[in-house]
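Lettered A, B, C, D and E in written order, each chain numbered from 1.
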Amino acid sequence: MNWNTWLPVLVVISSMLPGLIIFGLAEHRVRLRTILNLFGAVVKLFLVGWMLWGVYHGQHFETRLMLLPGLELVLRAGPLSLMFITLSSILWLVTTIYAIAYLEDSPNRSRFFGFFSLCVTATIGVALAGNLITFLLFYELLTLATYPLVVHRGTEEARRAGQSYLRYTIFGGALLLIGTVWLYSLTGTLEFAPQGGFLSEIGAEHHTSLIIIFALLIAGFGVKAALFPLHGWLPKAMVAPAPVSALLHAVAVVKAGAFGIVRVVYDVFGVEFATDLGVTGPLAWLAAFTIIYGSLRALFQDDLKRRLAYSTISQVSYIALGVAIAGPIAAIGGIIHLVHQGLMKITLFFCAGNLAETLGIHKISEMNGVGKRMPWTMAAFTIGAFGMIGAPPIAGFVSKWYLGTGALEVGQGWVLIVLAGSSLLNAAYFLPILHRAWFRDPPNNWPHEHDFGRKETAWPLLFPPIVTAVLALAAGILASAPFSPLEWGQIVAQREFYKP
Amino acid sequence: METLTLLALSFDALLNLSLLYLAWILLNCEDLLKAIVLFVAFGLLMALAWVRLDAPDVALAEAAIGAGLTGALLLTALAKLRVIETNKGTTQQLKQDSENFQTLHYMTPLALLLVAIGLGYVVFSMPPISAGLSNDVATNMGNSGVSHSVTAVLLNFRGYDTLLEMFVLLVSLLGVWSFGSTTSQHETTPGPVLDTLTRRLVPVLILVAAYLLWVGAHAPGGAFQAGSVLAAAGVLLLLMGWRPGGYLSTLPFRLILVAGPGLFAITAALLYLLKGQLLAFPVEYAGIIIFALETTATLSIAVILAALFLSEPPHSDKEHI
Amino acid sequence: MYFYALIGVGLFSVGLYALINYAHLLRKILALNVMGSGIFLILIALAKRTGETQPDVVPHAMVITGIVVAVSATALALTLMLKLAAETGRAELSEKDRD
Amino acid sequence: MTLIDYLSTILLIAGALFFLAGTLGLLRFPDIYTRLHALTKADNVGLGLIVIGLALQSESLASAGKLILIWLLVMFAGASVSNLIASGALQRGIRLWKR
Amino acid sequence: MEVVFKEFPWVAVLILLPLLGGIVCFLFSGIAKFTGLMTVFFTALSVLGLGWQIFDNGVYRHAVGGWGAPLGIDLYADGLSLLMLAATAFVALGVSVYSAGYFERGYSTRFWPIWLFLLGALNALFLTADIFNLYVTLELMGLAAVALAGLAGGKNALTGAMRYLLATLLGSLVYLLGVALLYHGFGTVDITLLAQRAEASPVIWAAFGLIAAGLMLKTALFPLHFWLPPAHGSAPPPVSALLSALVVKASFYILLRLWLEIFGPLVSNTDVSTLFGLLGAAAILWGSVQALRQTRLKLMIAYSTVAQIGYLFLAFPLATAAGVAAWSAAMYLAFSHALAKAAMFLAAGNMLRFGGHDRISDLDRVVQRLPLAAAAFALAGMSIMGLPPSGGFIGKWLMLEVAIKQGRWEIVIVMILGGLLAAAYIFKVLGHTFTQAPSPHESKAVPASMEWSALLLAIAAVLLGFLAIPVLSLLNIGNPFGISEVTP
């Protein structure tokens, strides 16, 4: 049993198997379902830890499966994919605990948790994919697995949200398919190589088609990364239950798109070749525009989850911006923001979920004095909010810092203005919430309050946001620690920019 | 002798033109009953044409099945249709064109004319002399077990076709039965004349069928022609008002229905085990095997065609539909 | 012998015209039978081109098979037509109710 | 052209003439009953003459016997069928033709 | 043991077993269901045996009656026919298990014999190398299919069956005329001999025109597809599964076989194949749009068949340059479409039986109450849309690859549009399976065997996505698509 080849598959299986079993479980088998869920999450965490340790010591993990003559499905654990996997597996464990409590007595949970595990499987698959076709396979699987979760509530509104979600993602998938097949017919291979490598030898006459392929791939991934014209589905998808919007629309799905853009720029085209082609410039502009546009739209949203959704749209584009600037430091900034934004955004969504679940608040206008009623939740929310704005001790500051210095190092001064502007806008839409929560006196009765005796809410609802808030804080303070996201970002950037 | 070929030519011309003209009237006349009667006449003229083209077997088949049985089927169908329409009170539209082709009404004749001319040209461009498979048939007649070439081709050289074709007949019967009975069969009381006709004719028909079956080995005849003549006897009996009743659903009757195709398939399988070739008749026994196959085929074809004429599913099926 | 083949083509075309042109199902079934006879006529007329008196026999076997197939198809078509007429009251394929 | 050939040609021509008469009757007669009359009478006699003419030509007794059998069958069938058609016509209420 | 299996007459078993099984079912209607299932099971086994046999000792040619090609009839089995036989066996297993539960006593005695004869006709059709024999098998298949289509009775089913019967009879007659011309033009009805003797002449052009027209009518290619939706839409679900998955593809198989062997080399200058491509593209777009407009589930799936048939004809213009790759892609699409479409119809049948109706807008919470049927429909939909893990994706990927290599951008666009429209109408249905119907109505229990047969067929369609290598190597035994000038 040669572990190096089987570990990646085991990581993928470790969440798929419980998912499939849960599908078969009858509705009332709550205990078994919870055990299976948690068991799957813990096993995955352990395996990822093992792989993390292995890669740190230079081992090589790879599984290959012949799909078509000349095309293989490849699962490979590189430093970049490991970052994304660790993020996903930690957050999956936390969100499962949260979801179990959140969906206490709601109908058809077996179906929910089944698809939930399939989503995580697809995300892990996207992270581990070693070539573009495996990426495409898991990318489309992600669409199929998330659709039932968006439509989980079964209301007409949920169905319409699902339809619009599909319209975007299936369209994106189709663009991706053309781009991939075209690339394959030009180059004959779709392997992710650190510096992209194989594209530069292609003759100059193909450059125009390479640019179009780049546009197709970015558009395909841009749908899920919610780049400007293709972001419409994200606010609508907020109709899904809180754990779904927390893990999926803040972390898994959106990150898959951003991860795709990172893969395309670094491992398919290679940074130098992309800059020679002149494609990184427009991408940077698009990302910048989305950042500003997202923050502006967030200003005017009264519904808490929709505001967070628009803030996600703008935050994810930081990653795209970091990648598009094509400088090593900016690349580190972009990559580590992948992790930091995940941690912070999930905290915010957990808190939003708590407010909705315990006090029945959905609108920001109803949040007066909620800090007094639920101090711990609002504390986590505040850490997350400040992180988003970029206040120093929390992780957000680190990534913005690297993005700014990276941009300056490469001479892209205008990026600084964008970063500053967006931080201001972040402050503009987060601070009023905090002010309202802490400094306003609470209404005499909440819309429909579940009182939990002395505690402010059930502990499994309270525990996850605090954990993720602490993690966000740790990622900020202990940035230079051995296994911190920053250090992994540096390893990845090193592989991408400097010939070994 | 010049006059004889001239006479033959003029006869051919007359026959062909009347065929075409009859087809045209048949398809375009107002009243359906008239169309069907003309169709029967058309079938008989076709039989005449086959005789002129030295195809006696086909002439027999055409006369018995093409004109006879199909005509009978059409007439009973028309009678039943009239009964249904009077019950349902639908008005009797005359020769009304199908709506969906109203628009391209003038287009179709033009297009079809072009198709006809094209096909005519192609047929005309065929080489005047081409032996086709006649030499192969002649050389292999020796070990085909029969001396009449058509039966040899039908039962031996292309026996596989005939095997499938008998299943076509069986499937069409099953299809007819699966559609269930359409109308309550009003019993017509047969007049004395029909009664005497049937009493005399049925035995003669059975004799002729047996003769045709036997003669098939060395002269025009064979399973299909014999089967259809026997079916004619069956039709006559059915017209007499004789109904098989419960007998239809019993096993022996179903066995006869299935005997022809079944035996053919079983022999094919057995021969494969024996000779390693599907449907490879050992030369010395070929004649006997072919005769056995033909007899069962005649029986099955006769009963299937008669049942098709009756088109009433056996009672046992009807109860629990 | 070419003359018969040409008439065969004629029958085929007349049958096709009637099949397309008329709505009544019985007419369509008659048209199909006439078309079949036309094809058989072509098959056997061209079989006489063997040069000697004895014509090529294989087309004869084909035509006999064809006639039997034609009669079984006609029987099925007639029963289906009657069942349809019993159900819809008319022996025509009505275009009105699309699905 | 031996004696037998002469005899059969004469018989065939006579038979043909009878058929001609029968067809003329079919065309000229006013109503169904008279037409039936003409057909069954004239054509049967015509057929008889033709059958005898051909029987003379046929080489073996068996085929002559078969020809005679054909004639008998046609006569038998013709008679009963015309009766059936006539009774059918009466049932449909087709009145007899009066001058 | 090894030798016995190698020499075992799988071809004879494949043809005779269903026919004999049908007879036994007809004779002893009491045990019809049992014999039917057994026959279908053993036929599937013999397809495996045949596959093993021709995988080892190559193409299998057998002269029936020992008379050899021109006079007698030859049976011929190569990769292409093996693929179609495999598709038939798979769908047959699924549909038989389904119909065992679906048909009550009265109908099942009538369903099984006709169904087994249809199966026998399909197997015979894929194995013969004689064009007149193809006519007889086509006719047997057509009549059996019509008998099954009209089994349920009712106005729509009968109108659909009648329209189908007329179309299929007209198609067969036109095909027969083509065969007659070919026979008299070149003196034989055997495909391989015809391939040697045929040279471009008016006879070939006329025969090709007739055969193509007849078979296009029977395959329901775009302009001639009017009969398919009512027939497939209103037939009983297992029958419409058979019609859409197998019967329609059988006539495509014949057209492809004759095109590859006889007409291709003579006639394959671009304008004829571009015509096929155009009709295919029109079928895809028109069929998908019509499917989107339908309010009834089974009619929607029938229109989707019209669209998917269009994909197969897209391979004609592509094959002029890269023959093997284009045809392998088309046949892969055909195989996965057969499985997926059969699963989809069976799933729709389950929903119909469960809710008592198949109106899409008020499918009442099907996902909770009938999860297996919804899962089958979703998985089958994945393969129809061509989303990654499924067989449809592999077919679409191969076809796109060939199209892009040849720079045929209009074909790429049509395929992508087809995929998007397919996604639109499939997810329209899936969306409604989640929501609550305005007027909830009582439901009728659906036996487990019916649900699982639909689901297993759908899973097979998805698993096909991972078996590309073995299936493609099997498909190219005796390279039916000519010597591969480019690596497939």
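In this text, a contact is a pair of C-beta atoms (placed from the backbone, for glycine too) under 8 Å apart; a residue touches a chain by one contact, two chains touch by 3 or more.
Here the structure is a predicted model, which means the values were calculated and not measured.
Which chains contact both subunit B and subunit C?
E
Which chains sit in contact with both members of the pair subunit B and subunit E?
Correct list: C.
If you tally contacting C-beta pairs, which pair wins, A-E or B-D?
A-E
Taking every chain's C-alpha mean, which one sits closest to the mean of all protein C-alpha atoms?
E
With centres defined by CA atoms only, which chain is the most remote from subunit C?
A
Comparing centres built from CA atoms, which chain ends up most distant from subunit E?
If we average the C-alpha coordinates per chain, D ends up farthest from subunit E.
Taking each chain's centre as the mean position of its Cα atoms, how many Å separate subunit B from subunit D?
Distance between chain centres: 27 Å.
Cα centroid separation between subunit C and subunit D, in whole Å?
Going by mean C-alpha positions, subunit C sits 31 Å from subunit D.
Suppose each chain is reduced to the average of its Cα coordinates; what separation in Å results between subunit A and subunit B?
73
Could you give the separation in Å between the centres of subunit A and subunit C, each centre being the mean of its C-alpha atoms?
67
Please set out, as single numbers or ranges, the residues of subunit D touching at least two other chains.
none
Give the residues of subunit B touching no fewer than two other chains, as numbers and ranges.
Expected reply: 119, 123, 126, 130-133, 137, 157-158, 161, 165, 168, 171-172, 175, 179-180.
Would you mind listing the residues of subunit A that make contact with two or more other chains?
none
What chain pairs are in touch here?
Inter-chain contacts occur between A-E, B-C, B-D, B-E, C-E.
Where on subunit E is subunit A touching in the complex?
Interface residues on the subunit E side: 365, 367-368, 371, 378, 382, 385, 387-389, 394, 396-398, 400-401, 404-405, 412, 416, 419-420, 423, 427-428, 430-432, 434-436, 465-466, 468-469, 472, 487-488.
Can you list the subunit D residues touching subunit B in their complex?
Its residues touching subunit B are 73, 76-77, 80, 83-84, 87.
Okay, in this complex, where on subunit B does subunit C touch?
Touch list, subunit B to subunit C: 12-13, 16, 19-20, 23-24, 26-28, 32, 35-36, 39, 42-43, 46, 49-50, 52-55, 57-58, 61-62, 65-66, 69-70, 73-74, 77-78, 80-81, 84-85, 88-90, 95-101, 105, 108-109, 112-113, 115-116, 119-120, 123-124, 126-134, 137, 149-150, 152-154, 157-158, 161-162, 165, 168-169, 171-173, 175-176, 179-180, 182-183, 224, 301, 305, 308, 311.
Quick check on the complex: what are the subunit A residues that touch subunit E?
Those in contact with subunit E are residues 23, 65-70, 107-108, 111, 136-137, 139-141, 143-144, 147-148, 151-152, 154-156, 158-159, 162-163, 166, 170-171, 173-174, 177-178, 181-182, 184-185.
For subunit C, which residues count as touching subunit B in their complex?
Going by the criterion above, the answer is residues 1-18, 20-24, 26-27, 29-31, 33-34, 37, 40-42, 44-51, 53-65, 67-76, 78-83, 85-86, 89-93, 95.
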